[in-house]
Amino acid sequence: MINKIVQSMAEALAGIRDGSVVLLGGFGSVGQPNALIEALIEQGAKDLTVVSNNAGTGRSGLARLLELGRVRKIVCSYPRSAGSVVFEEVYRAGKIELEIVPQGTMSERMRAAGAGIPAFYTATAVGTKLATGKEEREIGGRKYLLEEALHGDVALIEAWEADRWGNLTYRSSARNFNPVMAMAAELTVAQAQHIVELGALDPEKIATPGIYVGRVVHVAYGEPAVT
Amino acid sequence: MATATLPDACKPLTREQIAARLARDIPEGWYVNLGIGAPLKVADYLPAEREVIFHSENGILGMGPVPAPAAINPWLINAGKQYVTLRGGGSYMHAADSFALIRGGHLDLCVLGAFQVAENGDVANWSISDNDSAPAVGGAMDLAAGARQLWVLMEHQTKSGDSRLVRRCSYPLTALGVVKRVYTNLAVLDVTDDGFVVRDIVPGLTLEALQSVTDAPLRMAIM
Amino acid sequence: MINKIVQSMAEALAGIRDGSVVLLGGFGSVGQPNALIEALIEQGAKDLTVVSNNAGTGRSGLARLLELGRVRKIVCSYPRSAGSVVFEEVYRAGKIELEIVPQGTMSERMRAAGAGIPAFYTATAVGTKLATGKEEREIGGRKYLLEEALHGDVALIEAWEADRWGNLTYRSSARNFNPVMAMAAELTVAQAQHIVELGALDPEKIATPGIYVGRVVHVAYGEPAVT
Amino acid sequence: MATATLPDACKPLTREQIAARLARDIPEGWYVNLGIGAPLKVADYLPAEREVIFHSENGILGMGPVPAPAAINPWLINAGKQYVTLRGGGSYMHAADSFALIRGGHLDLCVLGAFQVAENGDVANWSISDNDSAPAVGGAMDLAAGARQLWVLMEHQTKSGDSRLVRRCSYPLTALGVVKRVYTNLAVLDVTDDGFVVRDIVPGLTLEALQSVTDAPLRMAIM
């Protein structure tokens, strides 16, 4: 019997190695896998590359991971926001590498990784300083940049409901980066607010089919805070 | 530098008034993305009988207004991380689907704030210096390059009195040649092949006075 | 008030011009917009390029459109199947141009058109005769082909439920090419088995948001036949 | 050409037996796409207690068996256009999502029929002649290039007795160097860097006799 549901955080994050590329879901605190990020702090992997829309706020979660010096590089679209104090400290101190990627390009690069597309062209960022070093090509009279797939070794995501096959639903705007990151990583670990019986999810409504999910852990943490 | 002062008789619009002025120009049935900050206010000024469908790039199509505190859904925020609602007929999508919609040219309109707009339609809205190595771009470049039309909503001048309508942007660019119209506290201007054309101007302000606070050359629209 | 629901087939297909690229949804007869295809026969547009997974069977629908000489070119993955007699006749007679595209490449080329991606790389068809004339490029040690976006002027699709904003759901495997074609066309026309009130569709379940749909027409035709 | 006849004592497998033999080798938990035709039979031979999740490229994950006539859902067909069912835990997806799953290497296994397999792993399964200008490729090229493993299920010889296991394919290729294993009516063979290695052979058949009906050179697996 297939059963992707694991009983502990240690099991959920087992095998994440130093140097991994870790994709972290969520937009702000909505859809953010807080419990998995705390567990990653415990787990100890270092020299990480983190892909996340934001660079953390306050002193916990991703910010704590940065503060502990565990992240070598961060890839994000919006590093600086209210409360991103730790990121700014470590960045100013030269302790972290930053790759700024437009949000849509970041999403599509991960979707491409999941979809077996090594590279694609986009008009986003043409002529801007984020085009530096990228191949530019004219297609049908318009200029485009070549963007490469962005793969993860691990994706940590948050879901609303999950079953033992790893099928997931999300709640409202908590969907955001989670399904795309699930596609893009070698191993996807989902924390889910609710575990349901196999067959209980409406097949027309499953947003992430279990094929993209390796492990599920039950974390009924309640409402996200807005940060 | 154009740092002249405005005539006393001129009443610059407040941010709310600029938003209301812009809202007048959005036709029923348009799909619209409103950028973080002042552009978000535009939604408040659409008459209830005119259906306009708002998109938020974090994955909402058919976004409704800010809820009453008792009606908050903590999982439902917009790109500015404010609580919002979903209208009947609204739906959710993941980030790649959301930006496919943007990049694919399906939005009729995106309204962004900006630091500078140039007469060739270039826009700078994400970073105020090449020396700032960690600016936050978010979805601005995707929206600017992807929407069918980009309108900018901004103050006509900086706090220190510099013109935000320029011949060429001095700040790092967000996208090239994409702005179609600019709504400021002083005027509404189209970006044309011949540069800025003034469509509308606040009462008490002449074209000459507007030009005196604007770096880029202005022309009047022929009505 | 936005209302994309039209009351007649004439209204549904108004403005389709000679020379149009027409995307036809469906996999076999499931999810196939039969009523719209019949209406297109009536409507009269000619010199069409049709994109469809199959090339029609029997003597009605797409096969009839071919038989009437209205299709200049067909783009499909699986032209020859049981009952594709008309296609084979017109093809042998040199009356139609054929572009064979692997099914996944065809899907992705339309998704790319809808997503503003002018071209992407794929490993599908590398080294085969379907690679003829295509740019090959090595990325990360593997060979890929460059494939271009496939746009439609019009998409004719079939849905299960629709509302006046053009939001659509599909039934079971009738989803197939329909959502992708809706994204890829300048004008998408959907025939829907059921029209529902705005707000009646579960927002987590809408498979095609109305932004991709221009017109909806109510066609309660019942069960698809299997061909 | 290898067109020798087989020894009388040898009992070639039926298509059902090949399917059953292949089914034995699929571990629990694999995601598998079964090609149109004989490969589809594999699903019938999986023991009920072993959960394997079947994908159909027309947009089904978690496909179940053919339904009883009274239980047919007319909107639910597989890629071979047969009525099928959906298991609890199954889901639907559109064509681009379905092929993203294929192309992205998420399927553990794809089983296809073929005309020819070469000792370098090339496979030809969609067209029997370069002169056939309208062959139907369907999803075969995407599946062959995209799945983590490709196994081929086919007769060892053509009806006229030609070997389907060849040094180099003479038919138009579907994909290059992708076949990992071949299940025929006579044997199970791995495709290795050193060519075909025989893993299993039907009772009554020697390696020599198998070689006599096979164009490509064969080696025995060291067990």
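Points to keep in mind about this one:
Chains: A, B, C and D, in written order; residue numbering restarts at 1 for each.
What we mean here is this: a residue touches a chain if its C-beta (ideal position, glycine included) is under 8 Å from a C-beta of that chain, and two chains touch if they have at least 3 such contacts.
Keep in mind that this is a model prediction, so the values were computed, not measured.
With contact taken as defined at the outset, chain A and chain D are each touched by C. By count of C-beta pairs in contact, C-D exceeds the other of the chain pairs B-C and C-D. Separating the CA-averaged centres of chain B and chain D is a span of 56 Å. Centroids built from CA atoms put chain C at 36 Å from chain B.
Here the CA centre of chain A is 29 Å from the CA centre of chain B.
Contact with two or more other chains is made by residues 108, 111, 115-117, 122-123, 170, 204, 207 of chain C. Contact of a single residue of chain D with at least two other chains is seen at positions 86, 92-93, 99-100, 102-103, 146. If you check each pair of chains against the touch rule, the ones that pass are A-B, A-C, A-D, B-C, C-D.
Within the complex formed with chain A, the chain C residues making contact are 108, 112, 115-123, 139-140, 142, 144, 148, 169-170, 202, 204-205, 207. Those residues of chain B whose C-beta lies close enough to touch chain A in the complex are 56-60, 73-79, 81-83, 86, 92-96, 98-100, 102-103, 130, 133-143, 145-146, 172-176.
Chain A makes touch with chain B in their complex at residues 27-28, 30-31, 77-81, 87-88, 91, 98, 100-108, 110-111, 122-130, 170-180, 207, 223-227.
Against chain A, in their complex, chain D makes its touches with residues 28-29, 31, 49, 51, 53, 55, 61-62, 86-93, 99-107, 146. Residues of chain A touching chain D in their complex: 1-2, 111, 113-117, 163-165, 167, 183, 198-201, 203-204, 206, 209-212.
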